[in-house]
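Look for chain A in each of the two complexes below; its partner is chain B in the first and chain C in the second.
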Partner chain A sequence: MNWLKLLRYDIRSGLLRWRYLAVPLLFCIPCFYNWIQIQNAGCVGTWMDYLVGCFKGILPVASMADFEFPILWFLVMAGCLFLNLDYPLNDLTDAGQQIIVRCRNKKAWFLSKCVWSLLSTTVYVILGSVTAFAFAVFSGGSTDLNITCDVMQKALGIFCLTNPGAAQTLLVGVILPYFTLAAVNMLQLALSLVVKPIISFLTCVCLLVASLFYSSPYFIGNGAMAARSGILIDGLLDPLPIALACAGIMILSIAIGMIRFNRMDHLRWEE
Partner chain B sequence: MKSTLRSELYKALTNKMLYIAIAIGLAFWAMDVMENQEKIKFFDETLQWAVNSGLPIGTGHEGYSLFFLWSGLAPQTKGANLFYTVWPVFAAMAYGWSYSDERRSGVYNQIAARTSAMRYYISKYIAVFVSGGLAVAVPVLLGLLANAMFVPYAQVVQGLGAVTNINFLSELYYTAPWAYGLIWCGVTFLCGGTAACLCFVVGTSLRYSVMVILTPYAMFVAIDALTNSLRASILKNVRLILSPLRLVWSSPGWANPEWWVFLMLALLTIFSFGIGYWQVVKHELA
Partner chain C sequence: MKIVVKDATKVIKGATILKNVNIELESGRVYGLQGPNGGGKTMLMRLVCGLIRPTEGEVFIDDKRLGKDMDFPPSLGLLLENPAFLPGYTGMKNLQMLAQLQNRIGVEQIRQTLLEVGLDPDDTRKYRKFSLGMKQRLGIAAAIMEMPDLILLDEPTNALDEAGVEQICQLIRRERNRGALVILACHDAAVLERLSDDIFTVCDGRVERKAIT
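The block that comes next holds the complex of A and B.
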């Protein structure tokens, strides 16, 4: 069976699901909070202000006394993990068993799930961006691809002194969060073949929470935190090591997942 | 009823997932104990230095005592932060998945045919509540006891502790801290049980057990984020704690008087019990 046919099947049954409609609702919560903060600060937010607000995170933690858990950031990150958790496993215990037997290619099945995971993350980020766009439009803001330094400082608490430009803003607000989410999702997919799915979810959540305490590119959640980006604030994290770390985690996860999946007996997989 | 309940409790308390949940929770509390040990070491060194330098400083541990550093008040260490970020998952993974699992596998039909759907449901509800409560409360209690082995005990001086008169049993915290700590472990048990029972809300609509386990957590995180957002606008004047995710902190930064804590737990319990009852009793074959 052609690998593309498998992917087409995954797109049809894994991406066209009702639950994706919940993503805009989920992004509405941080957007609403940012809208209130922007109103209170007396500013007008742009599209990118709202999007950067969704992936704001927290500044590097100097002491535990200053630590405040960023629940809105966590909601956005864990929401994506939750969304992507069950489809590959559901498929493995359902039609997937027949498909693997007929196509006689376990690698193709697993690679198709990896591509599906990337596509699902893409859809998640796109839906989030569209929600932020809608908020910017309906709140009377602009659809500019630049951030507003006033909004960053007064409403979001990110002390950004100069506007980094549209390309750099896209990197902070869209591309790096996308890479981070894609890497965490891939890790979750690989781990769910090794340990119980709930343990794989917990591991990824713990990695995200651990990244709140350690401001390092090797703690994976930092890439999706605008408040720790060296592009917005001088001296903080450089985007290149973050992107490399995410790529490394993705490649490693695919390799581990594929080795594990090749060796396991998928017919005895417990639901 | 008695035999059904006994069998459900036996299944709940002897299943592997309960012990895994407790073990992971204990691992996080072990991190908390280690971090507190570091704090105490640092404090003792500073105190020694101050005494040697002849500085006019007291030798008490009031600011670094057990009930001052205890993360049951509000997470103060990385380990406790991790635990209190995911505690509803521990509660639900203990036994919360069993109801949907048994309905999908057909075990439910066998049991319901021999006893009654109502008896089965109530027994299952109690078993899920107890196991969920234990999965959260046991690590908190053992964490407190483990901390007590390393962190010196001193009665917290009024005005120094994080608990104020808007918090749960605040007077007891300053007069009988051990009683306060144990009572709070009991409240944590109730919180864990309540969270675990929210698994009944989804019934059999989710096919994979992991999604059932994550349902209470997803609900709590969404409510927390929503109330956090609304506090900036229409709920600006509400001083009560609204997030069930932070209900397990005895000093969550918002008012949590006794009546409010129990009211929230009761409402959540009624909500999950009501939906589960409706599914089981009114739609037996669903």
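The block that comes next holds the complex of A and C.
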């Protein structure tokens, strides 16, 4: 059986869903908040300003007195986890049961779900980027790939001293958040084979919250925080260890998930 | 095809669902499973088709060990309890999508199967608009359309009217005559006895062969 046919099924039944329409609405919340901040600062935000604003996070926490929970960052991160939560295992107890017995290969089935998870995260980030683009256009800002130091400092509270350039900005605003989201989603997928999906969701959410308190590349979540990026602020987190940590989590999650899936029983939830 | 279930026991969350099951099944026969709800009929079917693994014991398909030499039987048609398909697709499109995975049959055969189970291949209604009986018929069509060597039907007559039951009985007989191994669980004793070459009683996880009168 052609594995691509399996993937095509996952794209049809797992990606073409109405719930993806909620993603731009979700990204509108941080974009709108950032738009107000930018207006108050008397600046005009670019596309990347808005996008970096969505994945801003918080500065490293020195003491609990300074700590302020980044609700908007959390909303964006947890939204992606929630979006990817139920499809793989629901499919197995639903129409997917006809699929798995026809594909006759549990590893291929699980691998297809892993690729689906990556694609779903890609769609999420693309829809978020499009929303940020729309905000930049409608507020009269530039749509190039640069950030504005004034906006960063006065509106977003990220004290970058120089403009890092388009490639570096893409790394902070798109690639590292994408890597982080992809890794945490893969972890959620692997965990959902061991515990109930809602427990795996809550576990991943706890890991994201923990990363707020520990500014380390090995705490998943830090990669998606522009406020902790060494690219924007000297002395903070280097992107390479973050990317390696994300890749490691993804590979480990796929390997463990595959072994677990091969051994697990395929039952309905109530069983 | 020959299926051997050897000393198979299945324990789920401390409850023994199947107890030391030993059965041998061969092609060209219909095996009926009867017994009370929760007795283990569906679990036995899941075990034979590879959806669950025995806690103890083994299942062999043509001398190959299920779960070790293969994940699932090589040629399998399945209807387990409530059929499930993509709700936004028509019956025809759902079956086409399934058939594309193995590329064994074409559009004409799918249309033919739909007609045989009493569905209109040109029906433009989406699956979500189907009645219970239509969903059941589509589930049966999915199980038999690729002419598999092993067919598992769990309560195939659910939600069907008398004419529908008769139609399905004829199809099951035809599949048996074609050489398929059919395992059938049905609460309607009359239908089960009419169709089955052998009947097993599944109760409290124990499986015993019942003499056919």
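Here is the rule we use: the second predicted complex is superposed on the first by the 266 of 271 C-alpha atoms of A that agree within 3 Å, B and C clash if a C-alpha of one lies under 4 Å from a C-alpha of the other, contacts with A are read in each partner's own complex, and residues count from 1 in each chain.
As a working rule, a residue touches a chain if its C-beta (ideal position, glycine included) is under 8 Å from a C-beta of that chain, and two chains touch if they have at least 3 such contacts.
Computed from a predicted structure; not experimentally measured.
Student: Just chain B (first), just chain C (second), both, or neither: which does A:Ala210 touch?
Tutor: After superposing on A, A:Ala210 lies in contact with chain B but is clear of chain C.
Student: Classify the contacts of A:Lys106 with the two partner chains as first (chain B alone), second (chain C alone), both, or neither.
Tutor: Second partner only, chain C.
Student: Compare chain B and chain C by how many residues of chain A each one touches, and report the one with more.
Tutor: Greater contact footprint in residues on chain A: B.
Student: Of the two partner chains, chain B (first) and chain C (second), which one does A:Phe67 touch, if any: first, second, both, or neither?
Tutor: first
Student: Return first, second, both or neither, reflecting whether A:Phe201 touches chain B, chain C, both chains, or no partner chain.
Tutor: In the superposed model, A:Phe201 contacts chain B only, not chain C.
Student: Report for A:Gln98: first if it touches chain B alone, second if chain C alone, otherwise both or neither.
Tutor: second
Student: Tell me the contact category for A:Phe32 with respect to chain B and chain C: first, second, both or neither.
Tutor: A:Phe32 contacts chain B only, not chain C.
Student: Report, in rising order, the residues of chain A that make contact with chain B in one complex and with chain C in the other.
Tutor: Touching chain B and chain C on chain A: residues 271.
Student: Spell out the part of chain A that touches chain B in their complex, as residue ranges.
Tutor: Touching chain B: residues 26, 29-30, 32-33, 36-37, 40, 64, 67, 69, 71-72, 74-75, 78, 82, 85-86, 89-90, 196-199, 201-202, 205-206, 209-210, 212-213, 271 of chain A.
Student: Sort out for me which residues of chain B touch chain A in the complex.
Tutor: Within the complex, chain B contacts chain A at residues 20, 24, 76-78, 81-82, 85-86, 89, 93, 206-211, 213-214, 218, 221-222, 224-226, 228-229, 232-233, 245.
Student: Under the stated contact criterion, what part of chain C meets chain A in this complex?
Tutor: For chain C paired with chain A, touching residues are 12, 46, 49-53, 70-72, 74, 76, 78, 80, 84-86, 94, 97-98, 100-102, 142.
Student: Report the residues of chain A in contact with chain C in the complex, numbered from low to high.
Tutor: Residues in contact with chain C: 1, 5-6, 9, 12-13, 93-95, 97-106, 262-263, 265-267, 271.
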